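You will see chain A twice below: alongside chain B first, and alongside chain C after that.
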Partner chain A sequence: MSFREQSAWAMMAILTVGGLWYFNKVRAASVALGETAPPIMPFVIAYIVLIVIASIVAMSVLGMASPEAANAPADERERQADSRAGDLSGYVLGAGVIIGLLHYPLHMDGNMLYHIGFASLMLSQIAEYGLRIWYYRTGS
Partner chain B sequence: MSFWEKGYLATGLAVLVAGSGYFAIVWKQSLALGSLAPPNWILFSAYLVVLMALSGVSFLLLGRAEARSDDGPEVGDFDERDRLIRMKSLSATSHVLSLGVYVPLVWFLFHQSGDLLFHSLIGGLVLAEATMCFLHVFNYNRAY
Partner chain C sequence: MAKRPPITNRVRELREAHDQMSQSALAKAIGVTRQTVIAIERGKYSPSLESAFRIARVFGVGLEDVFGWEGD
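What follows is the complex of A and B.
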(Lines of atoms letter the chains of each structure in order from A and count residues from 1; the text may use other names and numbers.)
(Lines give C-alpha, C1' and ligand atoms only; values in the text may rest on other atoms or scores of the structure.)
Protein backbone atom coordinates (compact mmCIF):
# COMPACT_ATOMS: atom_id res chain seq x y z
CA MET A 1 0.00 0.00 0.00
CA SER A 2 1.46 3.39 -1.01
CA PHE A 3 2.14 6.17 1.48
CA ARG A 4 -0.62 8.31 0.00
CA GLU A 5 -3.14 5.52 0.25
CA GLN A 6 -2.17 4.90 3.89
CA SER A 7 -2.57 8.64 4.59
CA ALA A 8 -5.98 8.62 2.92
CA TRP A 9 -7.10 5.64 5.03
CA ALA A 10 -5.87 7.36 8.20
CA MET A 11 -7.62 10.64 7.36
CA MET A 12 -10.84 8.87 6.42
CA ALA A 13 -10.83 6.97 9.74
CA ILE A 14 -10.06 10.13 11.75
CA LEU A 15 -12.78 12.16 10.04
CA THR A 16 -15.34 9.36 10.43
CA VAL A 17 -14.61 8.90 14.14
CA GLY A 18 -14.56 12.69 14.71
CA GLY A 19 -17.84 13.15 12.82
CA LEU A 20 -19.58 10.33 14.71
CA TRP A 21 -18.35 11.74 18.03
CA TYR A 22 -19.57 15.25 17.14
CA PHE A 23 -23.01 14.18 15.95
CA ASN A 24 -23.46 11.84 18.89
CA LYS A 25 -22.97 14.89 21.14
CA VAL A 26 -25.42 16.95 19.05
CA ARG A 27 -27.99 14.13 19.13
CA ALA A 28 -27.69 13.79 22.91
CA ALA A 29 -28.05 17.58 23.36
CA SER A 30 -31.07 17.63 21.02
CA VAL A 31 -32.77 14.79 22.93
CA ALA A 32 -32.16 16.60 26.21
CA LEU A 33 -33.56 19.88 24.80
CA GLY A 34 -36.50 18.28 23.00
CA GLU A 35 -35.60 20.17 19.78
CA THR A 36 -32.62 20.52 17.46
CA ALA A 37 -29.70 21.70 19.56
CA PRO A 38 -28.02 24.92 18.42
CA PRO A 39 -24.38 24.69 17.34
CA ILE A 40 -22.39 24.36 20.55
CA MET A 41 -19.07 26.20 20.23
CA PRO A 42 -17.09 23.96 22.64
CA PHE A 43 -18.12 20.87 20.61
CA VAL A 44 -17.21 22.54 17.31
CA ILE A 45 -13.83 23.64 18.68
CA ALA A 46 -13.23 20.23 20.29
CA TYR A 47 -14.04 18.51 16.99
CA ILE A 48 -11.59 20.72 15.06
CA VAL A 49 -8.83 20.31 17.68
CA LEU A 50 -9.41 16.52 17.76
CA ILE A 51 -9.15 16.28 13.96
CA VAL A 52 -6.02 18.46 13.79
CA ILE A 53 -4.18 16.61 16.57
CA ALA A 54 -5.16 13.16 15.29
CA SER A 55 -4.10 14.11 11.73
CA ILE A 56 -0.70 15.40 12.92
CA VAL A 57 -0.09 12.25 14.98
CA ALA A 58 -1.19 9.91 12.16
CA MET A 59 0.87 11.73 9.50
CA SER A 60 3.92 11.82 11.79
CA VAL A 61 3.70 8.09 12.49
CA LEU A 62 3.23 7.27 8.79
CA GLY A 63 6.03 9.67 7.82
CA MET A 64 8.46 8.11 10.32
CA ALA A 65 7.59 4.64 9.04
CA SER A 66 8.48 5.57 5.44
CA PRO A 67 10.32 8.92 5.33
CA GLU A 68 11.33 8.67 1.65
CA ALA A 69 7.78 8.07 0.44
CA ALA A 70 6.50 10.87 2.70
CA ASN A 71 8.85 13.42 1.11
CA ALA A 72 8.32 12.27 -2.48
CA PRO A 73 6.04 14.50 -4.57
CA ALA A 74 2.82 13.02 -5.97
CA ASP A 75 3.25 11.40 -9.37
CA GLU A 76 1.01 12.14 -12.37
CA ARG A 77 -1.38 9.28 -11.64
CA GLU A 78 -1.77 10.33 -7.99
CA ARG A 79 -2.33 13.95 -8.99
CA GLN A 80 -5.10 12.88 -11.37
CA ALA A 81 -6.66 10.66 -8.69
CA ASP A 82 -6.56 13.52 -6.14
CA SER A 83 -8.04 15.92 -8.65
CA ARG A 84 -10.89 13.59 -9.61
CA ALA A 85 -11.62 12.80 -5.97
CA GLY A 86 -11.76 16.53 -5.17
CA ASP A 87 -14.08 17.10 -8.11
CA LEU A 88 -16.56 14.38 -7.07
CA SER A 89 -16.47 15.30 -3.37
CA GLY A 90 -17.69 18.75 -4.42
CA TYR A 91 -20.88 17.10 -5.68
CA VAL A 92 -21.37 15.42 -2.27
CA LEU A 93 -21.05 18.82 -0.58
CA GLY A 94 -23.32 20.53 -3.11
CA ALA A 95 -25.98 17.82 -2.79
CA GLY A 96 -25.89 18.02 1.01
CA VAL A 97 -26.25 21.79 1.02
CA ILE A 98 -29.14 21.66 -1.47
CA ILE A 99 -30.91 19.07 0.74
CA GLY A 100 -30.47 21.47 3.68
CA LEU A 101 -31.79 24.38 1.62
CA LEU A 102 -34.87 22.39 0.57
CA HIS A 103 -35.44 21.24 4.16
CA TYR A 104 -35.24 24.72 5.70
CA PRO A 105 -38.35 26.41 4.20
CA LEU A 106 -40.45 23.39 5.28
CA HIS A 107 -39.31 23.32 8.92
CA MET A 108 -37.76 26.79 9.44
CA ASP A 109 -35.11 25.19 11.66
CA GLY A 110 -31.88 27.16 11.27
CA ASN A 111 -30.01 24.87 13.67
CA MET A 112 -30.88 21.86 11.53
CA LEU A 113 -29.72 23.73 8.42
CA TYR A 114 -26.42 24.40 10.20
CA HIS A 115 -26.00 20.73 11.18
CA ILE A 116 -26.88 19.54 7.64
CA GLY A 117 -24.29 21.96 6.22
CA PHE A 118 -21.67 20.82 8.73
CA ALA A 119 -22.45 17.14 8.05
CA SER A 120 -22.17 17.81 4.29
CA LEU A 121 -18.69 19.25 4.79
CA MET A 122 -17.66 16.21 6.83
CA LEU A 123 -19.17 13.75 4.34
CA SER A 124 -17.54 15.46 1.37
CA GLN A 125 -14.14 15.23 3.08
CA ILE A 126 -14.68 11.55 3.92
CA ALA A 127 -15.87 10.93 0.35
CA GLU A 128 -12.78 12.69 -1.02
CA TYR A 129 -10.41 10.38 0.86
CA GLY A 130 -12.55 7.33 0.03
CA LEU A 131 -12.51 8.24 -3.66
CA ARG A 132 -8.74 8.79 -3.58
CA ILE A 133 -8.32 5.25 -2.21
CA TRP A 134 -10.68 3.95 -4.89
CA TYR A 135 -8.77 5.68 -7.70
CA TYR A 136 -5.34 4.67 -6.33
CA ARG A 137 -6.51 1.05 -6.26
CA THR A 138 -8.39 0.88 -9.52
CA GLY A 139 -6.04 3.21 -11.40
CA SER A 140 -9.05 4.70 -13.19
CA MET B 1 -13.49 30.20 -28.92
CA SER B 2 -14.72 26.60 -28.68
CA PHE B 3 -18.35 25.54 -28.20
CA TRP B 4 -17.71 24.52 -24.59
CA GLU B 5 -15.85 27.74 -23.80
CA LYS B 6 -18.73 29.86 -25.11
CA GLY B 7 -21.22 27.62 -23.31
CA TYR B 8 -19.47 27.98 -19.96
CA LEU B 9 -19.12 31.73 -20.42
CA ALA B 10 -22.85 32.02 -21.16
CA THR B 11 -23.73 29.76 -18.21
CA GLY B 12 -21.48 31.75 -15.87
CA LEU B 13 -23.24 34.94 -16.90
CA ALA B 14 -26.63 33.22 -16.50
CA VAL B 15 -25.69 32.14 -12.97
CA LEU B 16 -24.67 35.70 -12.09
CA VAL B 17 -27.83 37.20 -13.64
CA ALA B 18 -30.14 34.71 -11.88
CA GLY B 19 -28.23 35.07 -8.58
CA SER B 20 -28.34 38.88 -8.77
CA GLY B 21 -32.07 38.74 -9.55
CA TYR B 22 -32.66 36.45 -6.56
CA PHE B 23 -30.76 38.69 -4.15
CA ALA B 24 -32.33 41.87 -5.58
CA ILE B 25 -35.79 40.46 -4.81
CA VAL B 26 -34.73 39.32 -1.32
CA TRP B 27 -33.29 42.81 -0.73
CA LYS B 28 -36.58 44.49 -1.81
CA GLN B 29 -38.67 42.12 0.31
CA SER B 30 -36.41 42.72 3.29
CA LEU B 31 -36.70 46.49 2.92
CA ALA B 32 -40.49 46.20 2.74
CA LEU B 33 -40.59 43.94 5.81
CA GLY B 34 -38.07 45.97 7.79
CA SER B 35 -36.12 42.77 8.55
CA LEU B 36 -34.48 39.97 6.58
CA ALA B 37 -37.05 38.26 4.33
CA PRO B 38 -37.55 34.57 5.13
CA PRO B 39 -36.87 32.04 2.35
CA ASN B 40 -39.70 31.76 -0.11
CA TRP B 41 -40.36 28.52 -1.98
CA ILE B 42 -41.77 30.35 -5.01
CA LEU B 43 -38.76 32.65 -5.27
CA PHE B 44 -36.29 29.78 -4.76
CA SER B 45 -38.06 27.65 -7.40
CA ALA B 46 -38.23 30.61 -9.80
CA TYR B 47 -34.50 31.17 -9.34
CA LEU B 48 -33.75 27.52 -10.17
CA VAL B 49 -36.07 27.56 -13.21
CA VAL B 50 -34.58 30.82 -14.56
CA LEU B 51 -31.05 29.49 -14.02
CA MET B 52 -31.75 26.21 -15.83
CA ALA B 53 -33.65 27.95 -18.63
CA LEU B 54 -30.91 30.53 -19.23
CA SER B 55 -28.06 28.00 -19.28
CA GLY B 56 -30.09 25.46 -21.31
CA VAL B 57 -31.16 28.04 -23.89
CA SER B 58 -27.63 29.44 -24.19
CA PHE B 59 -26.14 25.97 -24.87
CA LEU B 60 -28.97 25.23 -27.33
CA LEU B 61 -28.50 28.49 -29.25
CA LEU B 62 -24.73 28.12 -29.26
CA GLY B 63 -25.04 24.53 -30.47
CA ARG B 64 -27.24 25.64 -33.37
CA ALA B 65 -24.91 28.50 -34.27
CA GLU B 66 -21.85 26.21 -34.16
CA ALA B 67 -23.60 23.54 -36.22
CA ARG B 68 -24.22 26.10 -38.99
CA SER B 69 -20.72 27.60 -38.98
CA ASP B 70 -18.27 24.91 -37.92
CA ASP B 71 -16.72 22.47 -40.39
CA GLY B 72 -14.50 20.90 -37.71
CA PRO B 73 -15.39 18.24 -35.17
CA GLU B 74 -18.99 17.46 -34.24
CA VAL B 75 -20.53 20.16 -32.02
CA GLY B 76 -20.44 19.09 -28.36
CA ASP B 77 -17.59 16.60 -28.84
CA PHE B 78 -15.62 16.26 -25.62
CA ASP B 79 -11.93 15.57 -26.27
CA GLU B 80 -9.00 14.77 -23.95
CA ARG B 81 -8.20 18.45 -23.39
CA ASP B 82 -11.84 19.20 -22.49
CA ARG B 83 -11.72 16.38 -19.95
CA LEU B 84 -8.48 17.68 -18.38
CA ILE B 85 -9.87 21.22 -18.18
CA ARG B 86 -13.11 19.97 -16.66
CA MET B 87 -11.21 17.98 -14.02
CA LYS B 88 -8.95 20.90 -13.08
CA SER B 89 -11.82 23.39 -12.98
CA LEU B 90 -14.12 21.18 -10.89
CA SER B 91 -11.34 20.31 -8.49
CA ALA B 92 -10.62 24.01 -7.83
CA THR B 93 -14.36 24.73 -7.64
CA SER B 94 -14.77 22.24 -4.79
CA HIS B 95 -12.44 24.44 -2.70
CA VAL B 96 -14.51 27.55 -3.51
CA LEU B 97 -17.70 25.66 -2.64
CA SER B 98 -16.20 24.48 0.66
CA LEU B 99 -15.30 28.08 1.49
CA GLY B 100 -18.79 29.20 0.42
CA VAL B 101 -20.24 26.76 2.97
CA TYR B 102 -17.67 27.26 5.76
CA VAL B 103 -18.05 31.05 5.89
CA PRO B 104 -21.89 31.04 6.31
CA LEU B 105 -21.64 28.26 8.92
CA VAL B 106 -19.05 30.14 10.98
CA TRP B 107 -21.05 33.36 10.56
CA PHE B 108 -24.17 31.56 11.83
CA LEU B 109 -22.40 30.89 15.14
CA PHE B 110 -22.51 34.64 15.73
CA HIS B 111 -25.86 35.77 14.27
CA GLN B 112 -27.96 32.58 14.88
CA SER B 113 -30.43 33.53 12.11
CA GLY B 114 -31.62 30.59 10.01
CA ASP B 115 -32.91 32.93 7.28
CA LEU B 116 -29.53 34.62 6.95
CA LEU B 117 -27.80 31.22 6.89
CA PHE B 118 -30.18 30.11 4.11
CA HIS B 119 -29.51 33.19 1.95
CA SER B 120 -25.77 33.12 2.57
CA LEU B 121 -25.57 29.43 1.61
CA ILE B 122 -27.38 30.26 -1.64
CA GLY B 123 -24.81 33.04 -2.13
CA GLY B 124 -22.05 30.47 -1.61
CA LEU B 125 -23.60 28.13 -4.18
CA VAL B 126 -24.03 30.96 -6.73
CA LEU B 127 -20.41 31.99 -6.21
CA ALA B 128 -19.14 28.41 -6.60
CA GLU B 129 -21.24 27.81 -9.74
CA ALA B 130 -20.07 31.05 -11.37
CA THR B 131 -16.45 30.29 -10.39
CA MET B 132 -16.74 26.84 -11.95
CA CYS B 133 -17.92 28.33 -15.27
CA PHE B 134 -15.29 31.09 -15.35
CA LEU B 135 -12.51 28.66 -14.33
CA HIS B 136 -13.45 26.56 -17.35
CA VAL B 137 -13.13 29.64 -19.56
CA PHE B 138 -9.82 30.59 -17.90
CA ASN B 139 -8.41 27.08 -18.32
CA TYR B 140 -9.55 26.91 -21.94
CA ASN B 141 -7.43 30.00 -22.57
CA ARG B 142 -4.35 28.42 -21.03
CA ALA B 143 -2.12 26.10 -22.99
CA TYR B 144 -3.02 22.62 -21.68
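What follows is the complex of A and C.
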Protein backbone atom coordinates (compact mmCIF):
# COMPACT_ATOMS: atom_id res chain seq x y z
CA MET A 1 0.00 0.00 0.00
CA SER A 2 1.41 3.38 -1.01
CA PHE A 3 2.02 6.21 1.44
CA ARG A 4 -0.80 8.22 -0.09
CA GLU A 5 -3.26 5.37 0.23
CA GLN A 6 -2.26 4.87 3.86
CA SER A 7 -2.75 8.62 4.43
CA ALA A 8 -6.17 8.48 2.79
CA TRP A 9 -7.23 5.54 4.98
CA ALA A 10 -6.03 7.39 8.08
CA MET A 11 -7.83 10.61 7.15
CA MET A 12 -11.03 8.78 6.24
CA ALA A 13 -10.98 6.96 9.59
CA ILE A 14 -10.24 10.14 11.56
CA LEU A 15 -12.99 12.10 9.82
CA THR A 16 -15.51 9.28 10.19
CA VAL A 17 -14.84 8.79 13.90
CA GLY A 18 -14.80 12.57 14.46
CA GLY A 19 -18.05 13.03 12.54
CA LEU A 20 -19.80 10.23 14.42
CA TRP A 21 -18.63 11.65 17.74
CA TYR A 22 -19.83 15.15 16.85
CA PHE A 23 -23.24 14.11 15.57
CA ASN A 24 -23.75 11.77 18.48
CA LYS A 25 -23.35 14.83 20.72
CA VAL A 26 -25.78 16.83 18.57
CA ARG A 27 -28.30 13.98 18.61
CA ALA A 28 -28.06 13.66 22.41
CA ALA A 29 -28.48 17.43 22.84
CA SER A 30 -31.47 17.42 20.46
CA VAL A 31 -33.13 14.58 22.38
CA ALA A 32 -32.59 16.44 25.65
CA LEU A 33 -34.02 19.68 24.22
CA GLY A 34 -36.89 18.00 22.41
CA GLU A 35 -36.01 19.87 19.20
CA THR A 36 -33.05 20.29 16.87
CA ALA A 37 -30.14 21.49 18.98
CA PRO A 38 -28.50 24.77 17.94
CA PRO A 39 -24.86 24.68 16.81
CA ILE A 40 -22.89 23.76 19.92
CA MET A 41 -19.68 25.74 19.48
CA PRO A 42 -17.61 23.94 22.15
CA PHE A 43 -18.28 20.67 20.30
CA VAL A 44 -17.55 22.26 16.92
CA ILE A 45 -14.24 23.61 18.23
CA ALA A 46 -13.42 20.29 19.96
CA TYR A 47 -14.19 18.43 16.72
CA ILE A 48 -11.92 20.70 14.68
CA VAL A 49 -9.08 20.59 17.23
CA LEU A 50 -9.31 16.79 17.54
CA ILE A 51 -9.32 16.34 13.76
CA VAL A 52 -6.27 18.58 13.37
CA ILE A 53 -4.33 16.88 16.19
CA ALA A 54 -5.25 13.35 15.02
CA SER A 55 -4.27 14.24 11.45
CA ILE A 56 -0.90 15.61 12.52
CA VAL A 57 -0.20 12.54 14.67
CA ALA A 58 -1.28 10.12 11.92
CA MET A 59 0.72 11.87 9.20
CA SER A 60 3.78 12.06 11.46
CA VAL A 61 3.62 8.36 12.26
CA LEU A 62 3.12 7.42 8.59
CA GLY A 63 5.84 9.86 7.52
CA MET A 64 8.33 8.41 10.01
CA ALA A 65 7.52 4.89 8.81
CA SER A 66 8.36 5.77 5.19
CA PRO A 67 10.09 9.18 5.03
CA GLU A 68 11.16 8.88 1.40
CA ALA A 69 7.61 8.23 0.18
CA ALA A 70 6.26 10.96 2.46
CA ASN A 71 8.58 13.56 0.95
CA ALA A 72 8.00 12.48 -2.65
CA PRO A 73 5.43 14.46 -4.64
CA ALA A 74 2.35 12.64 -5.94
CA ASP A 75 3.04 10.89 -9.22
CA GLU A 76 0.89 11.23 -12.35
CA ARG A 77 -1.53 8.41 -11.44
CA GLU A 78 -1.99 9.70 -7.90
CA ARG A 79 -2.58 13.25 -9.13
CA GLN A 80 -5.21 11.95 -11.54
CA ALA A 81 -6.87 9.94 -8.75
CA ASP A 82 -6.83 12.94 -6.38
CA SER A 83 -8.32 15.17 -9.04
CA ARG A 84 -11.15 12.76 -9.90
CA ALA A 85 -11.92 12.18 -6.23
CA GLY A 86 -12.04 15.93 -5.62
CA ASP A 87 -14.40 16.42 -8.55
CA LEU A 88 -16.83 13.74 -7.40
CA SER A 89 -16.75 14.70 -3.72
CA GLY A 90 -17.93 18.15 -4.79
CA TYR A 91 -21.21 16.51 -5.83
CA VAL A 92 -21.65 15.15 -2.30
CA LEU A 93 -21.23 18.65 -0.90
CA GLY A 94 -23.56 20.06 -3.53
CA ALA A 95 -26.22 17.43 -2.82
CA GLY A 96 -26.04 18.22 0.90
CA VAL A 97 -26.40 21.94 0.27
CA ILE A 98 -29.42 21.34 -1.98
CA ILE A 99 -31.02 19.07 0.65
CA GLY A 100 -30.44 21.77 3.27
CA LEU A 101 -31.89 24.48 1.06
CA LEU A 102 -34.95 22.37 0.28
CA HIS A 103 -35.41 21.43 3.93
CA TYR A 104 -35.29 24.99 5.28
CA PRO A 105 -38.37 26.51 3.54
CA LEU A 106 -40.40 23.43 4.42
CA HIS A 107 -39.50 23.33 8.14
CA MET A 108 -38.04 26.79 8.85
CA ASP A 109 -35.41 25.09 11.01
CA GLY A 110 -32.17 27.08 10.83
CA ASN A 111 -30.43 24.76 13.27
CA MET A 112 -31.09 21.80 11.01
CA LEU A 113 -29.84 23.81 8.03
CA TYR A 114 -26.58 24.36 9.92
CA HIS A 115 -26.24 20.67 10.80
CA ILE A 116 -27.01 19.56 7.24
CA GLY A 117 -24.37 21.98 5.93
CA PHE A 118 -21.79 20.77 8.44
CA ALA A 119 -22.62 17.11 7.75
CA SER A 120 -22.35 17.70 4.00
CA LEU A 121 -18.90 19.16 4.47
CA MET A 122 -17.82 16.17 6.56
CA LEU A 123 -19.35 13.65 4.16
CA SER A 124 -17.77 15.25 1.12
CA GLN A 125 -14.34 15.05 2.78
CA ILE A 126 -14.90 11.41 3.76
CA ALA A 127 -16.11 10.68 0.22
CA GLU A 128 -13.03 12.35 -1.24
CA TYR A 129 -10.66 10.13 0.74
CA GLY A 130 -12.78 7.06 0.00
CA LEU A 131 -12.75 7.82 -3.71
CA ARG A 132 -9.00 8.40 -3.66
CA ILE A 133 -8.55 4.93 -2.17
CA TRP A 134 -10.88 3.49 -4.80
CA TYR A 135 -8.99 5.13 -7.66
CA TYR A 136 -5.58 4.23 -6.21
CA ARG A 137 -6.69 0.60 -6.05
CA THR A 138 -8.39 0.40 -9.42
CA GLY A 139 -5.52 2.05 -11.25
CA SER A 140 -7.17 5.47 -11.67
CA MET B 1 -15.05 -0.98 -11.63
CA ALA B 2 -12.85 1.31 -13.70
CA LYS B 3 -12.78 0.44 -17.39
CA ARG B 4 -9.49 -1.08 -18.48
CA PRO B 5 -7.65 0.99 -21.07
CA PRO B 6 -7.31 -0.76 -24.47
CA ILE B 7 -3.53 -0.52 -24.31
CA THR B 8 -1.33 -3.57 -23.86
CA ASN B 9 2.24 -3.51 -22.64
CA ARG B 10 5.30 -5.68 -22.21
CA VAL B 11 6.68 -3.83 -19.19
CA ARG B 12 6.85 -6.88 -16.95
CA GLU B 13 8.47 -8.99 -19.67
CA LEU B 14 11.06 -6.29 -20.45
CA ARG B 15 11.74 -5.68 -16.77
CA GLU B 16 12.41 -9.34 -16.16
CA ALA B 17 14.62 -9.49 -19.25
CA HIS B 18 16.69 -6.66 -17.77
CA ASP B 19 18.37 -8.63 -14.99
CA GLN B 20 15.09 -9.09 -13.17
CA MET B 21 14.84 -5.35 -12.60
CA SER B 22 12.55 -4.74 -9.64
CA GLN B 23 9.33 -2.76 -9.88
CA SER B 24 10.80 -0.31 -7.37
CA ALA B 25 13.90 0.24 -9.50
CA LEU B 26 11.82 0.87 -12.61
CA ALA B 27 9.52 3.18 -10.64
CA LYS B 28 12.50 5.18 -9.43
CA ALA B 29 13.97 5.33 -12.92
CA ILE B 30 10.83 6.80 -14.44
CA GLY B 31 9.74 8.93 -11.47
CA VAL B 32 6.56 7.20 -10.34
CA THR B 33 5.58 5.03 -7.38
CA ARG B 34 5.92 1.23 -7.36
CA GLN B 35 2.12 1.03 -7.20
CA THR B 36 1.93 2.88 -10.51
CA VAL B 37 4.32 0.42 -12.14
CA ILE B 38 2.14 -2.41 -10.79
CA ALA B 39 -0.98 -0.73 -12.21
CA ILE B 40 0.72 -0.30 -15.61
CA GLU B 41 1.86 -3.94 -15.70
CA ARG B 42 -1.64 -5.15 -14.83
CA GLY B 43 -3.11 -3.00 -17.59
CA LYS B 44 -5.14 -0.96 -15.09
CA TYR B 45 -3.46 2.31 -15.90
CA SER B 46 -2.13 3.84 -19.11
CA PRO B 47 0.91 6.00 -18.39
CA SER B 48 1.33 9.48 -19.76
CA LEU B 49 3.24 9.84 -23.01
CA GLU B 50 6.22 11.16 -21.05
CA SER B 51 6.29 8.16 -18.72
CA ALA B 52 5.80 5.80 -21.68
CA PHE B 53 8.88 7.29 -23.33
CA ARG B 54 10.80 7.07 -20.06
CA ILE B 55 9.94 3.38 -19.75
CA ALA B 56 11.02 2.70 -23.34
CA ARG B 57 14.29 4.57 -22.77
CA VAL B 58 15.05 2.61 -19.60
CA PHE B 59 14.84 -0.59 -21.63
CA GLY B 60 16.55 0.91 -24.68
CA VAL B 61 13.70 0.07 -27.03
CA GLY B 62 11.11 1.96 -29.04
CA LEU B 63 7.72 2.95 -27.73
CA GLU B 64 5.93 0.37 -29.89
CA ASP B 65 8.14 -2.37 -28.48
CA VAL B 66 6.67 -1.64 -25.07
CA PHE B 67 3.09 -0.56 -25.77
CA GLY B 68 0.48 -1.76 -28.21
CA TRP B 69 -3.20 -1.41 -28.98
CA GLU B 70 -5.43 -4.28 -27.86
CA GLY B 71 -6.26 -6.53 -30.80
CA ASP B 72 -3.43 -5.33 -33.04
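To be clear about the criterion, the second predicted complex is superposed on the first by the 140 of 140 C-alpha atoms of A that agree within 3 Å, B and C clash if a C-alpha of one lies under 4 Å from a C-alpha of the other, contacts with A are read in each partner's own complex, and residues count from 1 in each chain.
Heads up, the rule we're going with is that a residue touches a chain if its C-beta (ideal position, glycine included) is under 8 Å from a C-beta of that chain, and two chains touch if they have at least 3 such contacts.
Just so we're clear, the structure is a prediction, and the values are computed from it rather than from any experiment.
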Across chain A, the partner (chain B or chain C) reaching more residues is B
By the touch definition at the top of the document, which applies to A:78: first (chain B), second (chain C), both, or neither? second
Touch check for A:110: first (chain B), second (chain C), both, or neither? first
State whether A:135 touches chain B only (first), chain C only (second), both chains, or neither. second
Identify the partner contact of A:2: answer first if only chain B is touched, second if only chain C is, both if each is, neither if none is. second
Looking at A:90, would you say it contacts chain B, chain C, both, or neither? Reply first, second, both or neither. first
Once the shared chain is lined up, is A:69 touching chain B (first), chain C (second), both, or neither of them? second
Residues of chain A contacting chain B in one complex and chain C in the other: none
In the complex of these two chains, what residues of chain B are touching chain A? 38-41, 44, 87-88, 90-91, 93-95, 97-98, 101-102, 104-105, 108-109, 112-115, 117-118, 121-122, 124-125, 128
Please name which positions on chain A make contact with chain C in the complex. 1-2, 4-5, 69, 72, 75-78, 135-136, 138-140
Provide the residue numbers of chain A that touch chain B in the complex, in ascending order. 38-39, 41, 44, 80, 82-84, 86-87, 89-90, 93-94, 97-98, 100-101, 104-105, 108-111, 113-114, 117-118, 120-121, 124
Looking at the complex, which residues from chain C come into contact with chain A? 1-2, 31-36, 39, 42, 44-45, 47-48, 51
